[in-house]
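I've put the structures underneath this note.
Each of the next two complexes has subunit A plus one more chain, namely subunit B in the first and subunit C in the second.
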Partner chain A sequence: MKMKGIGLLLASAALSFGLGGAAMADGVLDRGMGSEWSTLDPHVVFDGATGWILMDAYEGLINFGPGGTIVPGAAERWESSEDGLTHTFHLREGLKWSNGEPLVAQDFVNAVSRTLNPDTISEKGYYFYSTVSITGAAALANGETTDVSTLGVTAPDDRTVVITLDNPAPHLLYLMGAFQMSPVHSPSLEASGTAAFGDPTKVVTNGAYAIKEVVPQSHILLEKNPNYWDAANVSIEKVKYYVTEDVATELKRFQAGELDITYDIPVNQIEALKAEIPDQVMIAPSTYVSFYSFNLTKPEFQDINVRTALAWAINREVLQEKIVKGGATPSYAFAGGVDPEYNGPQMPGFELSQEEREAKAKELMAAAGFGPDNPLKINVVTTVAEDRMRIAQGVALMWKQVLGVETDIRGMERKAWLDEFYTTNWDVFSDGLIGDFAGAETFLSYMRPSAEPGYNWVSPEYDAAMDVAGTKADKASRDVELAKAEKILLDDMTLAPIAVEPMRALVSTKVNGWIPSATGYYNSQYLRLE
Partner chain B sequence: MLRFIGKRLWNGALTLAALVTLTFFVMRLAPGGPFSRNRKISKEVQANIEAAFHLDEPVIQQFGRFVWRLLHFDLGPSTRFRDYSVNDLIASGLPYSLTIGFWAMVVATFVGIALGILGALRRNGMTDYVAGTIGVIGIAIPIFVIGPVAQAYFALHLGWLPVGGMGAGWKSWVLPVLVLALPNIAYISRLTRTSMIETMRENYVRTARAKGIGGRRVLLKHTLKGALLPVVAYLGPATAAIITGSVLIETVFALPGIGRHFVDAALNRDYPLVTGITLLYGGIVILFNIGTDVLRAWMDPRLRHA
Partner chain C sequence: MPSDISPPFAAPTAEPASTLRLQFRRFRKNRLAMASVYLLTLIVLMCFFGPMFFPFTGEDADFDNIGAPVNLFSIHPFGTDDYGRDLFIRVLEGGQVSLTIGFLGALVAGGIGVLYGAAAGYVGGRLDGFMMRLVEVLYGFPYVILVILLSLLFGGGTVSLFAAIVFTLWLTPAVIVRAQAQSLAQREFIQAARAGGMTGGRIVLQHIVPNCVSVVIVYGSLLVPEVILSESFLSFLGIGVKEPQASWGNLIQVGTSAMSTDLRLLLLPGGLLATVLFCLNFIADGLRDAFDPNDR
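The block that comes next holds the complex of A and B.
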């Protein structure tokens, strides 16, 4: 009897037409964002996809245009001193917050000092004292002083922001556009505390969009901000970001028209989708590089022959094209994959063919005392993410075939993997790094032995080369010095480069203006819906 | 009866206390912490963050703090979701999980019992076979297979219903509820059928019939009441399991329920959120079990003294 009820239910559902068309026609851009936002506080957040929302809702001194290019944001122009230490940004006239109140230069100063303030419990302060060294930033972050007037970010008047650095940093502009530079609307922060960021009734923003609806684990709805200075050129009225944790469901929602842009593409579907809807499959390099680090505290890895042999035995093209198949670009360098202007070195042996590398790898392994009777036995510590496991299995297979190395793959859940790095339990660490901007420096500064205890790599030459690079104020000559430092790193073979990981997304043909961006910025204000 | 309920409640509270204590400490044995990151942060900043969440205190002191908060019905702040407290997250997710669970159970109970009765009345007839087939499918094929297949057919192929999310009103609920109900329809119809067949052979049923009571009345008033005892025994734990086990359905259908928070919290070592949801889930399971016991005791007086 009751079956009839369900039949009726289904029949009535059938009467109303599919949702696909409706979702498209309402002028809302529907975007997948993967996992849920950890917070909407732009000075605290650390997950990438939330950055998209914040880039839509807030605007820094500069902005990232189509393809991630630097364009004027809240500042209409800026100039730098000869020595590269003082940078002056001139704000546009008549800037307003989403509630109509005037936006002033001090709001940007407050953003930096808030991020650095230990009470904010933000992990992003390193942007201002490590990625670039703003005068006084480290002392504020470490709690040595609470006097914000010591900070090298000042507002001499309502339309001028001056940033003073301890060392020149041609990449400063990238940070001035990142969502960490979102200005602070002090009245709402004072009135509501951090609830001022995640509560649609309280949040005040200065970007192209205002936050209208926040439903945990479900979605965030943005609506065009009429008070934005460039509102006339913002085409899409509403943007809805959906939590799309399950990549298979996300794909179906895209196919059903519920999503216009996805967060990712299921790796095992890439080929089929490329054949079916080639113009909607977007795969482009990101600032995420993956590499295998060798544990230099272990005797066998202190022999550079062993490290070189292992690095050479990996057939990177086969690994990515036949085994992982996730769209990553095979890489022979560490920092060179994301900035076309940077002309960096490749790892030793790059000039050889893969066959030659493999033949030499065997010799090196024998020279190190390992052979069929005495195989090298190592472990690889990796996360259990599907593509990471595929890389580990592929690499282990190649090491076995070429060198007879016996590899124990230890898959770990992500948090355990992160902590494992600081132990001495691993031999080879399936490593990765996401750059803060699309330049070589973000990767190379991470490898400074003085800055990273886990690698146990001590190289005064590398430090010295990085110090030299740090004195260069113009990007071209700085890149030359950075390349010298990268050569020292690669020549030491402390790591085996693997790949530059891709950004993967499905973008509906109804969305115009989507241009691949290595930094991963795809602001909705530059997109249009047909 | 009141003493019976009181005793059950007291036992339930003890179980819950043990469960939460265990979760609190075991969670901290897992490698990695809530603020393990692949980016190094300065020691001072790390210390600040840990101090803000009291993670720098000895574990036993953290436990004391947790219990003190709990007594004030405060489950503490979430370490992963900075904008929300654990109370906020539960308040936002639980209604979704409860609604799906409730409707799935309603559908499963009515459809399951109906199929079971029909199967028992026309044993080895067409209905019986159809019900049996649904039963096998529902039990054998897991949700993470049926869910995507249902999405592919009803949402992508036919376009009747949305694939996921909550954006389409009542239509958003249809697939998750049906898919979640399916395995329970299967269990309930099997249980009802077996139990009906047994009960129909009972002497009191034969007596009723011999007294000349009509077939429908015998079925509904005499047979069914006896036959439903095992079904009722199943319903309580099954409802609890449906609510607490909603993570798969929430993931497949992109629903903002609490199950995904639970898994996400464990992966992110969000200690307060994991402990909070464990407490909630434990409470739900225990309450439903007690509810079932009470219901059965009411239906079958013999059980009250057991």
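The block that comes next holds the complex of A and C.
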């Protein structure tokens, strides 16, 4: 699951009053989700927390079981051709939508073509032409053709989906879940347009749950979908996702029994909670990497000296161990750190000590023409989540101390922060990405200029290196090529790596079946309430 | 029969005192108010000159001493915050911001209110009606929403906060002074001044305003804590002074989020804010007693 962003808390105008009520022993699973959902359109959603709702309401060809393992979803079995280019998925018999209408293979084909259609304005098209390269996907995405019959996703009959790739992709299955590929219920989309997705009276889903109630800035209520093929094994009847903007308030609601699973843990409470309720504090490794992106359209950031100096002036160990204290691992690379088999490069200057880096950073800054009389003034755009704000403030203090840079920290709600990325107002973007699988390619494919033009980074060398990596069928030689591509990215210093983040949540003892999942999949259908 | 005869007339010892001097004499006898004056002066001096005695500012982080505890004999007497910034210096610098906004805000709001009220009260008639209805309309706006709108308009930050506070707090002095001015406008000396050919503007400035001064001083001294409280309240909510700049409000906000683990972050700025507010209110109380003995 590619999740840009994770945000919460705004002590100010964020008026999310506790509408909790008594949540105990009523058969409802109450989950915190941080900031409000960005959208409920399954082909547009790109933030992780909304992804949880999506994973409960929809089901892809495969599903992510306990611990994030791949289990059969809408497809009961699948096979791949010898060359790894053709993949055939066989759907279960008698699949139905939540309104009882039959679900057919064409609904999955429509999902891919809708995601790729430029009119949908989805950030997720890159899954199909960059992370894996489905035949014809790129041409549809960049508008060269509107003929969906050229797409390498076809439905020869109602129970078969065939995916044809240009290059082998060992990680294809990870992109066949609901976050990347929810089927489309075409009649409701045609009748009501995209408004259908957010309207509980109109939305039709195919997952374990159906959307019953959408109350902006408050909650979303899901109810068990009786038409789901595996409904007999779905134990929890109702799931409620609450907007929990402020992490400290969320903790209080958890302690009062209003929430069963929280979105995050206040970082300054982790130690106390570990001592108090060790069995409820869940901190697990994840594929969530955080980094600071520089806005390459701004003249000052076109100078690589400035970018390097800013990246070097951050003391990542102090930042994580003494300031944020949220259990993240300091990182000097972009795509490494989640897959032990991947032997990727580190950021330039990694071999130096922090003191040497800081000394050189000062020289670079002076070479770029900034000094005490002419300090660099920049802004950092971040979400207001507690740990994001701590990182931003810590980094700003380091920049000021080492380089004399004056930083204006602009915290915003998750939705506003996602939108802000496509403006030119930001100088430095507090960025983050959750890998769809524990491998380097999930991150590197996102950085292709064609996949995410918002970075304004143009590098034909990088594209070429990624193309070479795409042709390798076995993981080991693919990783070697990916490492070459990552080196090009890191050497260009378009971003400053920060850390590999852990997953943090409080899970009540009433909830059974919570197994840490690196990719962040915790579908409610596999959980049980006592 | 010897007897002690006291002199029939005691020689006049004190020279005749002006009203103002009498009033200050009365004020000086109020021990609580005087103690408040000394304490407040001490805090103000500490806030403005204290940081000069330290080799760092409140925006410099000491990454070797993050979250240091209270140790009066170390370089960080009250410890550091979660980012290694000296807490004592931050509280003093926050005090600079809060006190400056407090006094300056009260001065500006008071100034606008006095002139507006005096003019309205003196002129009277339709213009007075219009001016006072305008004040009532502005009173009708919900305060916090108005502040949020104004800070959006001014783009946030200290200046917009200041503007928003002044904008909402000049109304009460205007109403009070207008009532005073209305009664003054009928008095003989004003009529004499008018007969003598003084223009309206000069009468307002030279006769009406000076005659309102005791009311203004009393009310103005109550306005200062009100402005400080508004500033802290708005900064606490995150729509006032923004990090990394400190103010008592946002320091208290940070303190409350760490309340259960480290009370020090809340107590130092909170305690200082409470002390200053108490002092200002005692002083205002003393001033009122001194200026208007009938009102006790």
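Here, the second predicted complex is superposed on the first by the 315 of 530 C-alpha atoms of A that agree within 3 Å, B and C clash if a C-alpha of one lies under 4 Å from a C-alpha of the other, contacts with A are read in each partner's own complex, and residues count from 1 in each chain.
The definition used in the following text is that a residue touches a chain if its C-beta (ideal position, glycine included) is under 8 Å from a C-beta of that chain, and two chains touch if they have at least 3 such contacts.
Every value quoted in this text rests on a predicted model; they were computed, and no experiment measured them.
Student: Give one of first, second, both or neither to describe whether A:36 is in contact with subunit B, with subunit C, with both, or with none.
Tutor: A:36 sits against subunit B, while subunit C stays out of touch.
Student: Could you look at A:182 and tell me whether it touches subunit B, subunit C, both or neither (first, second, both, neither)?
Tutor: A:182 sits against neither subunit B nor subunit C.
Student: Check the residue A:393 against both partner chains and state whether it touches subunit B (first), subunit C (second), both, or neither.
Tutor: second
Student: After lining up the shared chain so the two structures overlap, which partner does A:416 touch, if you call subunit B first and subunit C second: first, second, both or neither?
Tutor: first
Student: Under the stated touch criterion, name the partner, subunit B or subunit C, that contacts more residues in subunit A.
Tutor: Counting residues of subunit A touched by each partner, the higher count goes to B.
Student: Applying the touch criterion given at the start, work out whether A:295 contacts subunit B, subunit C, both or neither, answering first, second, both or neither.
Tutor: Neither partner.
Student: Return first, second, both or neither, reflecting whether A:248 touches subunit B, subunit C, both chains, or no partner chain.
Tutor: Once the two structures are laid over each other on A, A:248 reaches both partners.
Student: State which residues of subunit A lie in both footprints, the one left by subunit B and the one left by subunit C.
Tutor: 10, 13, 248
Student: Give every residue of subunit A touching subunit B within the complex, in rising order.
Tutor: Within the complex, subunit A contacts subunit B at residues 1-3, 5-6, 9-10, 13-14, 16-20, 23, 35-36, 38-41, 44, 46, 118-119, 121-123, 125-126, 141-143, 194-195, 197-198, 215-219, 242-246, 248-250, 252-253, 255-256, 258, 412-420, 432-434, 451-452.
Student: For subunit A, which residues are in contact with subunit C within the complex?
Tutor: Within the complex, subunit A touches subunit C at residues 10-13, 248, 266, 268-269, 272, 315, 318, 322-323, 390, 393-394, 396-398, 400-401, 409.
Student: If you look only at subunit B, which of its residues touch subunit A in the complex?
Tutor: Per the touch definition, subunit B meets subunit A at residues 30-33, 35-42, 44-45, 48-49, 52, 80-84, 88-89, 92-93, 107, 110-111, 114-115, 148, 151-152, 155-156, 158-168, 171, 174, 178, 251-257, 260-261, 264, 267-269.
Student: Within their complex, state which residues of subunit C touch subunit A.
Tutor: Residues in contact with subunit A: 59-61, 63, 66-67, 82-85, 148, 236-239, 242-244, 253, 257-258, 260-262.
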